[in-house]
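Look for chain A in each of the two complexes below; its partner is chain B in the first and chain C in the second.
Up next is the complex of A and B:
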């Protein structure tokens, strides 16, 4: 119980921090919205009214409180450019982003774990060297380069021309697979180098422990050792890695992939909000994802306790 | 043999790492050439036709505007080094100072405050943070640098904090305290220099991260505002490749790859040379 309370208190402090930062950057210091909202030749009264509506005549604490209330009631205002309520935009785009990013995220981690195990099992031999060499190579290629390369290779007449060049016209499983293929491959390629290297280090460290040597001495097979002892005992760092890479891979990844391939998910909406300076959308996306990530961290702490009862 | 010399000997024996060092130095020479006005000066002149093929006048062809792709790729080395240098030095410095303070005053309010700031910054997805900073600064060209420095210090800070907590209970620190040296003097003269290996490795990692991040940010329109960079060249090339013009893409991505590979090899070798036991894991 004390564990739960301290974790929740810690999480609340983090939520306070992330909302404070996004409020300060985007609302307090953000550009004045008044003149993009009032019509031409506005009277001073109209201007004052808009400024009052936007809360510009309020002190910092009250406006920050208003921002918090917006985030927690999901009553996020309307987009400046389309006039659509932000909560409705999110309801429409979040499922697209999840459908787009989950396959690549899962595959990237599973393959990373598999290659990490393989490499750790053959530590120091040519397989290990090949895998670590390829990981460093993968880490040296930019995400953007991978996307452009795979698009040319797989979706244009200059390459194999197998998949649609861009877009997202998904209405059945077949079309889903065709549109998700190239983004998924890009995501797997860009994360695999980092994942493999990380998981290999974790598994190598675990394989060096005394209980593994004992198991080996008792004649347990390599497969048993890997699955039962190495993988199971590495669950805490593996979980940490997966949970903590969610914001980087899923959110930042969707920003790049969706804006590149023109896929109508949260990333594309955010990209458009960045280019057009659409403050209501931007402050909602930044605030909500940061809060969501803090919640994920709290959840991770509780999963740790399930996986490893020693953790306090 | 003294530790610095031993580290150098290990680094020299590491073939891949040594190659990395040579690559990084070669690129640094190119950057110096651009700075001193010898190389890549014609990067913005539109001296050729649209999408000219590689030839004697334009070694790597020209782009949409008829600008020389080779000159642009070379000039971008300077851009990459400027961003990498500014971000890696300042973020490592910030991480060193905050990490040292947190470690020295561990379990006090100063420590908790620094850890809180670190936790908060780690919780905001990076590109969204940059977007927010750029939004607040309204397109100032250094918004990108500022955002990277403000977030890249956290790993360095965590590592330095842990190391300082270890060092501060060692005997030479206890004796420095006993003879009455002021806290901050001990911290910055005697404790922090013992974390130099961490700072070296982290700044090489930050350098790589900064260059990679610039590419993505420039594509998103949040990066380099004027001048040229590999990120801007790649952003240009996203339209060109669909029409079958690959020179911009190839030039920028190859230069970028070689420099990043060099840095990655170097930073691996540094880790191994400074701390063979840890790196062998």
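Up next is the complex of A and C:
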């Protein structure tokens, strides 16, 4: 209980710090929407009217206080661009982003772990070099190039023409698979290299430890060594990587994936808010991402204790 | 070397890989099945038109329809009093909701407009029992008043600001909708009257803008701020879906029945005969049941979707011109593509130009008359050193139209006999000017060239710097002034903080008044005169011409103003970009992105050459 309370108190402080910094950055360095909303031949009075409507003329402390109140009450206001309540925007877009990102996220991590284990097991041999080489190659290719390449290869008459180039008309599992397949492949392609390199490093370090040598001396099978000793004992860094990726997947989505595949998720909405200076949307996304990170951190601390009881 | 016994884990990995491969194969098979089902029935594609746009609107409130993307939706979801004829060029106004052109008093101050009877708003919960009511003249009055209510965050007030009797003071008095505006009245349900402060010949054009679309007060009050995403209009379509990636419009089944007339729309067999429009004669628009609009800013994605048959219209990305065009001038499709698609090259209704901030004494007006003359010589030298042909070649594939001054080719008043030498590069002339006025590398001022941070703008800056390098302008004296977003850039130049301002202007209506006002002194920043240009003779001509109906004399005055700006070297101008638009040959349509745009949606139809039937 004390552990939980201490984590929550730390979390609250962290949220305050993160929101204060991000809010300050948004207010002082973020885009000013006034000049996007003002009409042609605007007078200084009209510019002042818009600034007033947007709340830019309020003191900083009042604006920050209002922001915190919005976050804690989850009454996030309405978009300055469309007038749609931000909570409604998130309700509409977050499930789309989840449905879009989860397959790629899960596959990318599972394959990364599998390849990491394989590579670690054959450290220094041709399989390791091959996996490492392919990982570095994957990491070196731009996400944009991968997306366009896979679109052309899988979705146009220049290639196999099997999947839609873009869109998200998901009514049933079949249409879901059709629309999610190429984005998922793109995501797996781009994340696999990073995941494999990371997991390989973790597993190589773990496999050099005394208890692995002891298990091998006892005649444990390779599978047992891999799954029971290496993977299980590497769970802390593995969990850390996976858990801390979740808020980005859920809240921020993937701008490029959503833009290039025409998917109305939260990533695209966030990008539009950044470029247009739609502060209510931006504040909500930044604030909720911060809250999600803190919650994930608390949850991760609990899971650490489950997978490794030595952690205090 | 680390090796854990035999190859069991490899086998394990093989099993995993086999499982994943099987799953992927299943997805591919399912997809193939799904897709074949989708592609089987051509019937749907005849009544669905799938349009693509290279940008997206964030609001569907006509009061915020400040760009072409928002206008496309506004004029289809709502009614405007007037529209432009579908095919006639130069553009001609045509009644839309209005019952005929306005009756204008002899002094040009009072416009009386009748609206068509029996036009209904779409059914919507905003109305009693959800039934759309009749559109009344009072709705137009309300819609224009909204632009003068700060709560609307409207962007179209500038069209009528200082023009309509009592409208500005209505705003100053608190924007009370129940208070009448003397110059904006509904005489009865079908008649409205607009009284102007001074003649404003462009008024009817403003009534064809998305800004002037007619909204019902009940819906605005019912949806509040969310009205921007709940359009309730009387246009040919109503909205069923809208998000950051797409919008779906379906035919408004109660839209008034007005037979399509080729003659009335300005049909010319020589110009339009190839597009299959003849079969539409006498039919009732809108011809398409459903319009799906994809907002695709990414060129590659937009092009791939079009080639894959997922779209019926595309603005071809410049990067694809080489793949698509057999020749540039005139643009002709490669034979294989010509069998499948129609092409038009659409000249933009605007232009790109780089203004000098005349308020900046380093390059613009200077209190010392001698320095003032030297500054002018410097500006003129910069203009002479600018290579428009190269700019056009590198950034617009050489198919943009370069011209001198501030009246672009899309304006009816454009002088087609303009001397090409005005935009020809003259390096010797530039060097002579600099030397004659005592400019040398040591005393040339630092030029700050502003632009929003993106690759193309940066490349344009570098090209500008290289042009200037050829007249001896030191590279370190031409500096980029970058901004994260266009909004930030706009803030800076509207606050007169940018020395060289590159912007594009899209004309709101086909009348050069809309571009010459960019250099009218009283419109200086934060108004649209970003150059902060001021010339007494120019201003006098503008004031005199602004109340004149279109005539040879007015055209001569506009051209005179154009020459004044050219002589004063206030702007490096300009180029009108040309867009290449493609659509499948089985569609009977002539798309257009100029001016308000979007009115053509109601006339899109599948040509169906076998049966002679157009979809209803």
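The criterion applied here is as follows: the second predicted complex is superposed on the first by the 267 of 312 C-alpha atoms of A that agree within 3 Å, B and C clash if a C-alpha of one lies under 4 Å from a C-alpha of the other, contacts with A are read in each partner's own complex, and residues count from 1 in each chain.
Everything below uses one rule, namely that contacts are C-beta pairs under 8 Å (C-beta built on N, C-alpha and C of every residue); 3 or more make two chains touch, one makes a residue touch a chain.
Please read all numbers here as calculations on a predicted model, not as lab measurements.
*Asks:* Looking at the overlay, does A:214 come into contact with chain B only (first), chain C only (second), both, or neither?
*Replies:* neither
*Asks:* Considering only the touch criterion stated at the top, classify A:270 as touching first (chain B), second (chain C), both, or neither.
*Replies:* first
*Asks:* Mind telling me which of the two, chain B or chain C, contacts the most residues of chain A?
*Replies:* C
*Asks:* Going by the contact rule set out at the top, does A:6 touch chain B (first), chain C (second), both, or neither?
*Replies:* After superposing on A, A:6 lies clear of both chain B and chain C.
*Asks:* Please work out whether A:156 is in contact with chain B alone, chain C alone, both, or neither, and reply first, second, both or neither.
*Replies:* So A:156 meets both chain B and chain C here.
*Asks:* I'd like to know which partner A:139 touches here: chain B for first, chain C for second, both or neither.
*Replies:* first
*Asks:* Who does A:289 touch here: chain B (first), chain C (second), both, or neither?
*Replies:* After superposition on chain A, A:289 lies in contact with chain B alone.
*Asks:* Between chain B and chain C, whom does A:111 touch in the aligned arrangement: first, second, both, or neither?
*Replies:* Only chain C; A:111 stays clear of chain B.
*Asks:* May I ask you to decide whether A:148 touches chain B, chain C, both, or neither, giving the answer as first, second, both or neither?
*Replies:* Both partners, chain B and chain C.
*Asks:* Between chain B (first) and chain C (second), which, if any, makes contact with A:260: first, second, both or neither?
*Replies:* The answer is both, since A:260 touches chain B and chain C.
*Asks:* Please identify the positions on chain A that touch both chain B and chain C, taking each partner from its own complex.
*Replies:* Comparing the two interfaces on chain A, one with chain B and one with chain C, the shared residues are 31, 148, 151-152, 156, 158, 165, 204, 208, 259-260, 275, 277.
*Asks:* Which bits of chain C are touching chain A when the two form their complex?
*Replies:* So the residues of chain C in touch with chain A come to 1-6, 8-10, 12-13, 16, 20, 27-28, 30-35, 56, 58-59, 61, 64, 66, 150-151, 153-158, 161, 224-229, 243-246, 294-298, 300-301, 304-305, 307-310, 484-488, 490-491, 494, 517, 523, 526-528.
*Asks:* Inside the complex, what are the residues of chain B that reach chain A?
*Replies:* Against chain A, chain B makes touches at 116-117, 119-121, 123-129, 131-136, 138, 212, 215-216, 219-222, 231, 234-235, 237-238, 241-242, 244, 246, 249, 253, 256-257, 260-261, 264-265, 268, 281.
*Asks:* Quick one: which bits of chain A touch chain C in the complex? Just the residue numbers, please.
*Replies:* Per the touch definition, chain A meets chain C at residues 31-44, 46-47, 49-50, 52-53, 78-79, 81-85, 92-93, 107, 111, 114-115, 117-118, 120-125, 127, 148, 151-152, 155-158, 161-168, 174-175, 177-178, 181, 204, 207-208, 216, 221-223, 225-226, 258-264, 268-269, 272, 275-278.
*Asks:* Which part of chain A faces chain B closely enough to touch in the complex?
*Replies:* 10, 13-14, 17-18, 20-22, 24-26, 29-31, 136-137, 139-145, 148-149, 151-152, 156, 158, 165, 201, 204-205, 208, 247-248, 251-252, 255-256, 259-260, 270-271, 274-275, 277, 279, 282, 285-286, 289-290, 293-294, 297
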